[in-house]
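In what follows, chain A forms one complex with chain B and a second complex with chain C.
Let's look at the complex of A and B:
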């Protein structure tokens, strides 16, 4: 089912949670709503589910205006942040609930319900847990029951609120992979809320980055990561190094240090260059003014990557670089060395970009 | 008044603290505290309770039975039970409605409503009775109108029920509000998102989740309904065999120096109270298990 969100606004008292949000979501997409807390992502998800009303705008499911349709008629599956399983029901009854409460005319028979529930339970690998209560399950198991319960009603849209937020790292990774598999299998349009950029990049085929009730950027994981449209997105998606300076003739200047910024043609007194740690090149010799001297403060080797913390010698600022193990070995650097740092790829933002 | 939730919490806490090294006291202090509690309970609870039964059976089993099967006594027992049958379900409905409104919605004046629910606990039952006399009595605000339409409220079952309702309505609501607040509304939201109607959500999700709290509140409410004296005394008019509830009947017998009969009926009420406490504890224990 395709979803159109058109000019949606929502306030809680004086706090404006959503400011004129418009997005088109195509059928079968797996979307991540990414943003810090208070960015409005959960509010937007709850509005899609009909759990929250909206102040303005409208929402279309498959071209049909459902803005005023009650949640129970929207054909959505909602997975709550803390699962919200019915604590007094067994796993079986939890999953069967959506089918059991249907009006008699469209309610499947008892046998059909049981068959469907067992199918779903085997899908989430919990066949043997059907007579357990939620309190007897681990976090990951509860989450899988919550998913099975939401899928039981055969929703056209699956909405997940921070689905993996409360789980430990290993279970989280497993469930992520599993959500993607499930999404492909059921071919249901899915939207999940997360504040974890890694999760969004890993799972979603499109990411909607939100901040302060507005959409900052919509795009594929590669697009938003490699080509952030605003300083916020740059900052929020992964680590970043900041170079402040004057923008002149396509160069960002700061003291003696000059970096080429070919896309920035106008001149500004104040501009900020953003560089990802893996776009920082470390050289042992000074080649030109594009490099800046820095002292290696700390070297941290994790798996295949090496993280290096550097302190600039010209100004009191720290930089972070990321090398592959091979690069690191070829360079042969040590803590305390003075090296020359050059940003390989730089994205410059001018003050207007910040006044959002 | 104890709330089942808090009871649960304190039980957990005492379990922890009894093992806590920092809170260990010397054996002497421990035993002193236990003995003080035991003496207190023995003196002010067990002894009077025993004396009720001793006095009740003073003149033998036959007198005891005769006092209870006396027509006036039977009428009092019947009236008390009728009042309970009317009051307890009404308070169940009111308590559920009020707790639901307070915990699942946000609206203006919510705190005022919560405060008002507590009002009967703060007001003396005698005053509660007087309110109804002032409203519905012959000299009361609506008295003339009621007489003109031949509606009897004061000195009749209606008045007794109204006064008892006033005194007992906080019990269920007070039990349910903290329980429902703790449980939040996400399970209800989940139910709605799965396509259930509001009524089915209440029936299958809200009610089962708060059933033990509800039952606990109803037991307390029932105990108070059966035992209420002050408010009922003011509105009932003490008409023998007509508007006397059990507590009022006991008072009349006592004032007429029929001690054995008075204590016989009192022992019946005490048995009811003890059974109530036992059921209450079973419910609290069940609620803890779930």
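Let's look at the complex of A and C:
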């Protein structure tokens, strides 16, 4: 089912949670709503589910205005961060709930319900747990029950509110992969909220980055990561190093240091260059003015990558670089060495970009 | 066996087990078990036939029925209305909510005789409320039930209220998103969560009503065979210096309440098991 969100606004008292949000979502997409807490992502999801009213704007499902339709008639599946399972019901009854509460006319027979529930439970690999209570399950199992429960009513849209937020790292990774598989199998339009950029990049077909009640950027994971439209998106999607300077003739200058910024041709007194840690190259000799001298403060070896913390010698700022273990070995550097740092890829934002 | 016991003792982190358990046993013995056992010690001086005759006297039997029956009905009324009051107090914001919240505790604080006199006056045939009814309320079992409902009200409200407060809104939202209407959500999702608290509230209100004396004697009218409650029979016998007879009746009350509370507790254990299975 396609979803159109048109000019939606929402306030809680004086706090404006959503400011004029408009997005089109196509049928079968797997969308991540990414943003820090307070960015309005959960509010938007709850409005889509009908659990929260809106102050202005419209929501269309398949072209039909459902702004004032109650949650029970929206044909959605909602998965909560803390599962929200019915703890006095067995796993079977939890999954069957949505079918059992249907009006008698459209309610499937007992046998059909049982068949459907067992199908879903085998899909989430919990066939043998059907007579357990939620308190007897682990967090990952509970969330799988919650997913099966949401899917039982054959929703046209699956909405997930930080579905893996309460789980430990390993289970989270497993469930992510599993959610994507499930989405491909059912081909149901799915939207999940997350504040974890890795999760969004890993699972979604398209990411909607939100900040302070507004949409910062919409795009595929690749677009959003490689071409962030604003400093916020750049910052939120990964670690960054900041190079402040003056923009002149397509170059970012600070003291002796100057580097090409080919996309910024205008001149500005103040500009900020953003560089990801893995786009920083470390050299032992000074070749030209495109490098800055820095002292190595710490070296952390984290599995296959090596993270290096550096302190710039010209200004009192810290940099972070990420090397592969191989690069690190060939460089042969140690804590305390003075090295030369070269940003390989730099994205320049001028202060106007920061205006909110 | 001894080894595992000793091991467990050493492994526990929380200190003071033997101290607090010892204190609990001593305290319960002096405050609860010893006085209660006096009931049986006193009764022992009777022969079996005397005992049976006393406790099966028609007046006594009628009073058991009245006491247990009216306490049970009052408990049920309190379950229904107490749950509604708890619901209103936790779910809605309205002016005067705090005052109503305070009013609920009043039956706890009021001396029961005051309550008894007030209720009797209100429900008397010429009283403010009594005048609107064609039938008598004061001096009938109906009046007794009203008095017992009054004193038992806070128990259900105060046990259900915190559970309702802690009930996560998400569970209700999940129910709605799965297509349930409000009635279904209440009956299938909220009510089952409240059962343990409701049962506790019921057993407290019931137990309190069983032993109630002060407020009931005024409104009951105390007609033998009709509106005479068991505690009153015990009092009457005491006033006639029939200590043994009064303890015999008391022993029936004691065993009766014990059995009923035990049954309620068993029901409660079973409902609780679902929630806390690990």
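The rule is short, and it goes like this: the second predicted complex is superposed on the first by the 356 of 356 C-alpha atoms of A that agree within 3 Å, B and C clash if a C-alpha of one lies under 4 Å from a C-alpha of the other, contacts with A are read in each partner's own complex, and residues count from 1 in each chain.
Definition applied: a contact is a pair of C-beta atoms (placed from the backbone, for glycine too) under 8 Å apart; a residue touches a chain by one contact, two chains touch by 3 or more.
Keep in mind that what you see is a predicted model, and the values were worked out from it rather than measured.
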Overlay on chain A: chain C relative to chain B, clash or fit = clash
Who does A:51 touch here: chain B (first), chain C (second), both, or neither?
-> both
In the overlay, answer first, second, both or neither for which of chain B and chain C A:87 touches.
-> both
Which superposed partner A:136 touches (first chain B, second chain C, both, neither) | second
Once the two structures are fitted together, what part of chain A is touched by chain B and by chain C alike?
-> 49-51, 70-73, 76-78, 80, 82, 84-88, 97-98, 101-102, 149-150, 152-153
Interface with chain A, chain B side, in the complex: residues 186-187, 189-197, 200, 204-205, 208-209, 290
Residue set of chain C touching chain A in the complex reads 168, 170-171, 173-181, 184, 188-189, 192-193, 195, 274-278
Over in the complex, which chain A residues touch chain B? Could you list them?
-> 49-51, 70-73, 76-78, 80, 82, 84-88, 97-98, 101-102, 149-150, 152-153
Residues on chain A engaged by chain C in the complex (per definition of touch) = 49-51, 70-74, 76-78, 80, 82, 84-89, 97-98, 101-102, 133, 135-136, 146, 149-150, 152-153
